[in-house]
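What follows is a pair of complexes built around chain A, which joins chain B in one and chain C in the other.
Let's look at the complex of A and B:
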């Protein structure tokens, strides 16, 4: 799919982002630099379109990314001319531009001070609060960012984007139960979206909702798996995590039946379970998930292996309908399969 | 059956230029004027402070947990349910906890609610005043005679609509008086305004009155609703949920459903 200027450019490859930002001069030229609100003008030129402003916003993001600061400023000027200096989104975008241009840490500190000042005047300014958190995180002050996020989520607990960012921060700090809790919140807020945010690559909390095609179920499964294999996890709790991980991966495949990460995770977990030897521990209280029996795990493992090799084969041949998997994920899947094969040979 | 003789009334052709035209133009101009007056008078949407946001979103959060409980495992759902019910019942999310249990304040005394009502009043005024003026203008100058003949036949029922102000029993309903033309303009100029001002204009009062009817979403947090009661109700809703998880037996479903 060709990148569209109307989608937030959060997950573009560098080449695609460059292509977008190279459109900037043409777009800036093709639309008028000021929008007059006089009735005569609206009569002649038709009404303004919301897409136009979205376009400017996204242009700012990709221009900043590719270093075209001039175009970013031009877009920002138009947004300011239309919405005024005090608009929350505009404030956040202006902050973003300043952050991007900051030469050193001192300048970033200044931006942070500005954010604090804005928040002091209006503490319900969510875009600025989010920018502040993102800035704190990119300055490496993880615990500050986490506590600011918790504060944000206290008064706005329906913000899936913030929850997923919180989960990511906790994950990077190794706090698995907290990360799992946060990602479960995302799931509660968006139970059917299978392409919502899981900010695994570039943790920038842009004021728009991030869209990353990674299923939250699978993400949750990954977290559970990581929690289970973390050193220090007690045997009982690790089994509990693995049981839920295998269910989460199964669910993600059930929702999208050629989802590579789901199969990968399923294979990983079932392999681990088979290698460790499943003790079909009789769970005393029935409230928690129990591991399925060995036979089921074996069958799941087979299914995942077969499906993974199918995906790898087809995408190596570049078949129609099998494109769009990320190169890195395919390579990882191939490696996992090869690992498996060599183990059998020995 | 004898043919009814075609009624002919000799009218001054100038009637068309001096009455029909001016009424239409005046109607269009007032519509445009009303649109811009509404734009100017509209007060900016009031910013919510943090506490109000917190109160509303906490409730929505509870509703979300209740609606989507099946994506969670049983322990995680139980943890959330306990936390939310305790917080709801203790009033932890309320905007002003000291007002708990008191009857809700009179919406008339709440300045926020007053502002909303003032806005509505302003809109109503912007409709009523120009309409009254134009109607009295038409009544004063152009009443008492017909101004045009419609090019198609009509039944007798239309007489009262088209010949308002001309009390002649036998006249063909095709003849039309100026006040009727005015009413036709009120109802029929919407598309003209759409063309001139864009589709979200405030020029036509009819479209606005249609919108008055259903407005469910605003009522949830509207003035006069006691948030404490809402929270208690939501706590009860959460408590009665019989939890099941979408993950129950998902492996079996998967193995049955997906064939390689």
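Let's look at the complex of A and C:
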């Protein structure tokens, strides 16, 4: 089944993106090239649908990704004809097209200058501000991007997407405490988001499932490194992080039945805790979450193992009602289970 | 399922229509007879109620109609947050189809996935590069 064109196509696989962009000519043909907003025309030709404009936006994204610049330009022309050149979202999309077509760094600098100019005229232009940050990040100027993002969040502190991006930037710089802080802000804004709960403390546990399975061990190494090299006393703070991680993963499972990523993370953390040997936490601060005792962790580990193997088994059999998981995630879970099994054999 | 529910609904409405028609005919006949007897004997006729078979037919047909309509409704959505979220994760699009098999219009997957994909911050150059690499590896042939 082809993915719906009404959702942002950012996370799709290359094949799905290709399928979407191949629909572009048909969609462009089937809808009128100009839509007038005068009331008379609306009476005559029926009302325009908001979905149509969403379609154009998403088509631009996937066409640019697959290199079908002509179709992207056609979509952009229609959006400009409808909303005008000064619309903030249209400006951001035009910038996006320019970025995609920029042949070298000089052209990118020009695009950046244009963004700065637009922001100079109206510095509350959030879509352009976000594009500028994304461009800075894409050009490798991470600290510039982070400071620009902090500025943006200063006057728009309820933007969960921006907080999440900030966390990602910090993570790519290796600033774990800052990344954790930013993702906690996201959690404040979207307390029921089950996918945000899990990365909170182990920020790199979740994105790793987005990567290929082979990269997971590298990410896991990063996590261990993060836990071990956390500031302060190595052992105490790493235990604190792991305790927090257990709490977060459990919360995400509480919010979402059969959540593969939640169980995956829970298993990873509980396994690590069991391997390292749990020390009963002595501090009894009420605000701090203390590590549960070994018995509880063992039970959590068993629960996660059982659930993961159930999920893997069902999706391997391609059972009805179990086809929603992505293949990469299933493969990662299978690898983790196999790893566990071989450890027991030894 | 749809064919079954449609057949039952059609059958139920047919029965109901038949019951209505019978009731109407019956009352017409009754009033005609009452009129004729009134002229002959001038004694007030007792108001006769409907025969039992028509009443039973009406009730039964209503229930059959209800059954057909209930069978034809789309599956109910989960009420609890975690069940609903689990359904999204486990079944994906398949869990949110109507009886004809088309995905619901308002299905959007995990509504919080935006926090991870962040379409406003998309790094389009990186995506283009990755797509080009994928094509070079011959992914286009595999994908088809």
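Convention: the second predicted complex is superposed on the first by the 298 of 346 C-alpha atoms of A that agree within 3 Å, B and C clash if a C-alpha of one lies under 4 Å from a C-alpha of the other, contacts with A are read in each partner's own complex, and residues count from 1 in each chain.
Throughout what follows, a contact is a pair of C-beta atoms (placed from the backbone, for glycine too) under 8 Å apart; a residue touches a chain by one contact, two chains touch by 3 or more.
Owing to the predicted nature of the structure, the values given are computational and were not obtained by experimental measurement.
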Worksheet item: Which term applies to chain B and chain C once both are placed on chain A by superposition, clash or fit?
Response: fit
Worksheet item: Thinking of the overlay built on chain A, is A:122 touched by chain B (first), by chain C (second), by both, or by neither?
Response: first
Discussion item. Touch test for A:188: chain B only (first), chain C only (second), both, or neither?
Written reply: first
Response to the item:
Across chain A, the partner (chain B or chain C) reaching more residues is C
Practice prompt. Report for A:157: first if it touches chain B alone, second if chain C alone, otherwise both or neither.
Written response: first
Worksheet item: Which partner does A:303 reach: the first (chain B), the second (chain C), both, or neither?
Response: first
Practice prompt. Report for A:257: first if it touches chain B alone, second if chain C alone, otherwise both or neither.
Written response: both
Item to complete: Please work out whether A:68 is in contact with chain B alone, chain C alone, both, or neither, and reply first, second, both or neither.
Response: neither
Worksheet item: Of the partners chain B and chain C, which touch A:248 in the superposed model: first, second, both, neither?
Response: first
Discussion item. How many Å separate the nearest C-alpha atoms of chain B and chain C in the overlaid structures?
Written reply: 12
Worksheet entry | Interface residues of chain A shared between complexes with chain B and chain C | 254, 257
Item to complete: Sort out for me which residues of chain A touch chain C in the complex.
Response: 1, 4, 7-8, 10-11, 14-15, 17-19, 61, 64-67, 92, 96, 99-100, 102, 127, 130-131, 133-134, 137-138, 160-162, 164-165, 168, 186, 190, 192-196, 206-207, 210, 254-260, 311, 320-325
Item to complete: Would you mind writing out the residues of chain B in touch with chain A in their complex?
Response: 32, 36, 47-51, 53-54, 57-58, 60-61, 64-65, 68-76, 78, 80, 196-199, 246-247, 250-255, 257-258, 260
Worksheet, complete the sentence: The answer for chain C against chain A in the complex is residues 81-83, 85-95, 103, 108-110, 112-128, 130-132, 134-135, 139-140, 142-143
Discussion item. Give the list of chain A residues in touch with chain B in this complex.
Written reply: 39, 42-43, 46-47, 122-124, 154-158, 181, 184, 187-189, 191, 244, 246-248, 250-251, 253-254, 257, 287-289, 292, 296, 299-300, 303, 306-307, 310
